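This is the structure, below, for whatever I ask next.
Letters A, B, C and D name the chains as they come in the text, with residue numbers starting at 1 for each one.
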Amino acid sequence: MHKTKIKILNRPKLRRPILIEGLPGIGNIGRVCAGYIISRLKAKKFAELYSPHFLPLVILDKNAVSHLLTIDFYYVKGKDRDFIIMTGDSQSVSPQGHYEICGATLDLAKEFGVKDIITIGGFATGKEPKSPNIIAAVNSENAKKKYMKKGINFNKKHDVGTIIGASGILLGLASSRKIDAICLMGETMGFPFLITDPKVAKAVLEVITKITGLKIDLTGLEKTVKEMENIIKKSSEIHRKMLQKIKYAEKPEDIKYIG
Amino acid sequence: MHKTKIKILNRPKLRRPILIEGLPGIGNIGRVCAGYIISRLKAKKFAELYSPHFLPLVILDKNAVSHLLTIDFYYVKGKDRDFIIMTGDSQSVSPQGHYEICGATLDLAKEFGVKDIITIGGFATGKEPKSPNIIAAVNSENAKKKYMKKGINFNKKHDVGTIIGASGILLGLASSRKIDAICLMGETMGFPFLITDPKVAKAVLEVITKITGLKIDLTGLEKTVKEMENIIKKSSEIHRKMLQKIKYAEKPEDIKYIG
Amino acid sequence: MHKTKIKILNRPKLRRPILIEGLPGIGNIGRVCAGYIISRLKAKKFAELYSPHFLPLVILDKNAVSHLLTIDFYYVKGKDRDFIIMTGDSQSVSPQGHYEICGATLDLAKEFGVKDIITIGGFATGKEPKSPNIIAAVNSENAKKKYMKKGINFNKKHDVGTIIGASGILLGLASSRKIDAICLMGETMGFPFLITDPKVAKAVLEVITKITGLKIDLTGLEKTVKEMENIIKKSSEIHRKMLQKIKYAEKPEDIKYIG
Amino acid sequence: MHKTKIKILNRPKLRRPILIEGLPGIGNIGRVCAGYIISRLKAKKFAELYSPHFLPLVILDKNAVSHLLTIDFYYVKGKDRDFIIMTGDSQSVSPQGHYEICGATLDLAKEFGVKDIITIGGFATGKEPKSPNIIAAVNSENAKKKYMKKGINFNKKHDVGTIIGASGILLGLASSRKIDAICLMGETMGFPFLITDPKVAKAVLEVITKITGLKIDLTGLEKTVKEMENIIKKSSEIHRKMLQKIKYAEKPEDIKYIG
C-alpha cells in the first residue's frame, strides 16, 4: 500500500449531505462528538480509509481480534438533509499524510454530493474554562454569513492562530473545491494530554444541533462518554505518539490547537 | 528503485498454501522459527523482496561477498497443503514502508493462492518468564473460531495492546483481503535487545506444528539456533538500528512488542 | 493531495515576463520586496500553488476565515516586458519538497514564457551592517555578463557558499531549462530570527528597479513594511518552525543563508 | 522534480565499459580517485543526475555562478574497453534516495552496456594506518574469482560488516541485474571528518590500474589532490551534513564505513 485509499462498503443515496469530522485530538472533543452521534443515531458505516501515513501497527480488542488503524465514514438520515460522520483511530503521523488523507476524504465527499463540512477540535488553553466556550472558524466569507444567520458568534476574542491537522486541512482544501466548511473548537484545559472533556463535547453537540437541525438527545452523553473512555484509553498511547508526531512545537506551551 | 518490488525466481504450484512470517524483532523469535523451518525442511527460495524502505547498505559475508537487505520467500510441500516461509534481514525503517512491504507481500500471497497467514513475534515483558508463554491474536472472528478448534487459548491475560511492524500490519491488511491470519507472540525478557530466545522459539514451533500439521523435528533446534546466532550477530547492529527506527516509543518501558 | 499542484485562476498574456520570487526567509527580505511590488503596482493574482510539503495547518485571519498555506503568483504589466511576482506563506518543510515546488514553478514559468528569473533572499551576517549590502549570484556565465552590463558588481567579498531553499533551487533548476536567473541577497543581522529589515528590502528593490526597468515608487516603503509586519507576525510562528525544518544546521552559527 | 532523473548530454559509443564510482565519503577516497582519473585522462562528461534526495541548495563558485548538486557521468576511452567515471557533489540525504539514485545509475549503466562496476570508498579505523591498506568486497562468487585472478586478496582480516551508501547499494542492486561489481575500500583514520587522504587514494588507484588495465600516471597525484582540496573544502560543510544524515549511527565509534 503506497498511498491512502478509501474502500467503499456500500453506496447509500444521500440528500445534500453534511460531513461532520471528529478525529482524535486534544481533549478528544471531535472523537467523542462523532462517536456519540454515531452511537445515539445508529449511523451506519459505509466506507473505510486506509493510509500508510498512520502508525504501522494494529490494535488488539479484548477478544484478541486485531484492527488496522482506519478512519471510518458513517451515514445517518436527517429530516431534509443527510449526514456523513467521519471518525477513526488516528490522524496522519507525517505532515504530507494530512494533505493526502484530507484530499482522499474530499474525493469521497464529492462522490456523495457533500455540500457542507463541519470539523470538530479542541483548543488547549492551559487552564480550566469556567463555562464551555466554542470558537468557530470558516473557510469562506460565504460560510461565515451562512453560520452567522444560524447564530454563530465569530467576534469572540481568542488566541487561535492556526488549526493543525485534519480539522484545519479539510477547511483549507474544501475551500478550493467550493465547499463551505466550519471548524468548531472547544476550549479545554489540554492536560493531561488525552483526558476527555465531556462538558465541552456536549457544548459542541449543542451547536451542531442548532446549525444542522440534526436532533441528538444529549441526556445520555456523560454515560456514553464514560463507556467510550475505556476504548479510548486502550488506544490513548497511540494517540499520544500520534500527537507528538504532529504537533510541530518545541515547547509544551506552543501546543495550543490540534484537532 | 522508487518502490518495494518482489522478484519471483520460480513459480512452484502450491496447494492452498499457508504463509508463515518470521522477520527480525524482539527476541528474534520470528526469525529463528522461520529459519529453523527452512533449514530443517529444506525449503526452497522462490522470491525476493527489495525495498527502498530498508537501510541503505549491504552486508558482507565471511567470503567478502555483499548482499542487499532482502525479505525472502521459501516454499515447502506439506501433506495436504503447502507452506510459504517469509523471512529476511530487516523490516522497514520508515512507517510507510511497513504498509508498502506488507501490501506487496499480500499481492504475492494472492498470486500463489495463500489461504491462511501465521505471523510470529516476540513480546517483551522485562522479566524472565517461568515457562514459555505464547499469546495469540487473530484478524477476524472467523479466524478465532478456526484456531480455537485447534486448541489455541485466546483467554489468557496479557498486556499486548498493539502489534507493531510486519507481524501486525500483515494481519490488518490480510483482513481487508479476506485472508484469515493469526499472530503468535512468544513472551520473552526483551533485553539485551537482540538476545535470541530458543526456548520460546521452540514453544512457538510446537504451536505451529499443532495448528498446521507441518511436521518439524525439534530435537536439533538448540544446536541450529546456536549456528544461526553467529549469522544473526553479524547483522545484529543493523537490527538494533532498525528497531530503534520502528519502535516509536519514548521510554524503554514503552517498547513491549515489535515483531 | 499527493503532490504539489498549481491552480491557474486566469491566463493573462504576458510579454517575455520576468519572474521575481520573494518567499519567507531570514530578514523577510524576499517576502517584503515581493509584497511591496504587489501592493504598490496593484499586481493581480493569477495562480496558486498547493503542496503537501507545507506544514499541515491553516491560518486564521482576523475575520475567522481560514487559509491554506499557498504560494501565489501575481502579474503586473511593464513597459516592454511583464512581470510575475511569486510570494507566499511558506517554503517547503521537507528537503524533497523544495525540488518539487521549484520544479512546478518552472513548469508554470515555461507555460507563461518566462525568460528571466530574479530570486530574493537575506544573508545573515550576525552583525548590524553599516550600509545595506546586496550580494548577487547567477546561474550561468551568460546571466553574469547580462547583469554586469546592468551594473551588478559580482566581485564583492562575501561568505556565501550555498543558497538554501527556493531562492537557490530555482536558480539551479532554471539553469537546466536554459532560463537565466539571478539571486539578490541582502545582508542582514539575522536575529531576532524573523525581524523584518526594511532598509535592506529597499536596497534590493532599488537593484531590481535598475536591472528590470520596473518603476516602483519607494517613498511609501517603510509605512507599508510596518503594515505588512502585522500580517507577518501573525504567521511568524509558522515561519520559525518552517525555518527550523529547512535549516539543516547543527549550530546557530551555521545558519547563514536561507531564502 | 518528484524523482531522481538523469539528463544525457551526448551518447558516446562505449566498448564493454567499466563503471567506476567515486562519490563523497569518509576520507574523500572515492571522490579524489574519480576526480584524478577525470582530470588526468581528460574524461568527458556525458550525463548528469539530479535528485530531490540531495540537500535543497545550490553551491556558489568563485565566479558567483551557482550549481545544483549533481552526480556526473564522464567517459574515457581505454585500450580494449572504455570507462564511465561517476562522481559528484553529494550522496542522498534520505535512506530511500540511495536506492533511487543507484537504481537510476544502473538504468544508465544498462543503456551504455556496462559489464563491470568498481565502487570506491573509505573505511575509518580511528587510527593512522602504517601503510595504505585496501579492503575489497564483491557482489558475487563470480566477481570474486575474476578479481582473485587479477591479484586481489580477499583473505585480509578486517572489521567491515556493512557498506553504507552508493558504494554498497550499487553492488547490491548490480547483483540482481547480473553485473559483476567490486568495492575497494581504503583504510583511513577517519577524522577530522572530511580530511582527504591522498596516500590511500593513490593506493586505490594502483589497484584500479592493476585490475582494469587503465593507464594512469600517478606522479601528479599529490599536487592534484591539493588543488582538489580547495574545491572540496568549499563543499565540505555540505558533505558534513550529508554524512550526518546518512550515518544511521548513535555513537561516533559506530561510524566506520561510509562511501
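Side notes on the structure shown:
Just so it is clear, a residue touches a chain if its C-beta (ideal position, glycine included) is under 8 Å from a C-beta of that chain, and two chains touch if they have at least 3 such contacts.
Note that the structure is predicted; figures quoted are calculated from it, not measured.
Rotation angle relating chain A to chain C: 90°, from a CA superposition, given to the nearest 5.
The two sequence copies chain C and chain D touch through a face in which the numbers common to both fall below half of the numbers used overall. The chain with its Cα centroid farthest from the Cα centroid of chain C is B.
Chain B and chain D, compared by their mean Cα positions, are separated by 36 Å. Distance between chain B and chain C, defined via averaged C-alpha coordinates, is recorded as 51 Å.
Of all residues in chain D, none touches 2 or more other chains. Chain-to-chain contact here is organised cyclically: the chains close a single ring, every chain touching exactly two others.
By the contact rule set out at the top, the touching chain pairs are A-B, A-C, B-D, C-D. Interface residues of chain C facing chain D in the complex, by the touch rule stated above, are 3, 92, 95-100, 102-103, 136-141, 144, 154, 160-165, 168-169, 171-173, 175-176, 183, 246, 248-250, 254.
The part of chain D that touches chain C in the complex is made up of residues 1-2, 7, 48, 50-60, 63-69, 93-94, 234-235, 237-238, 241, 244.
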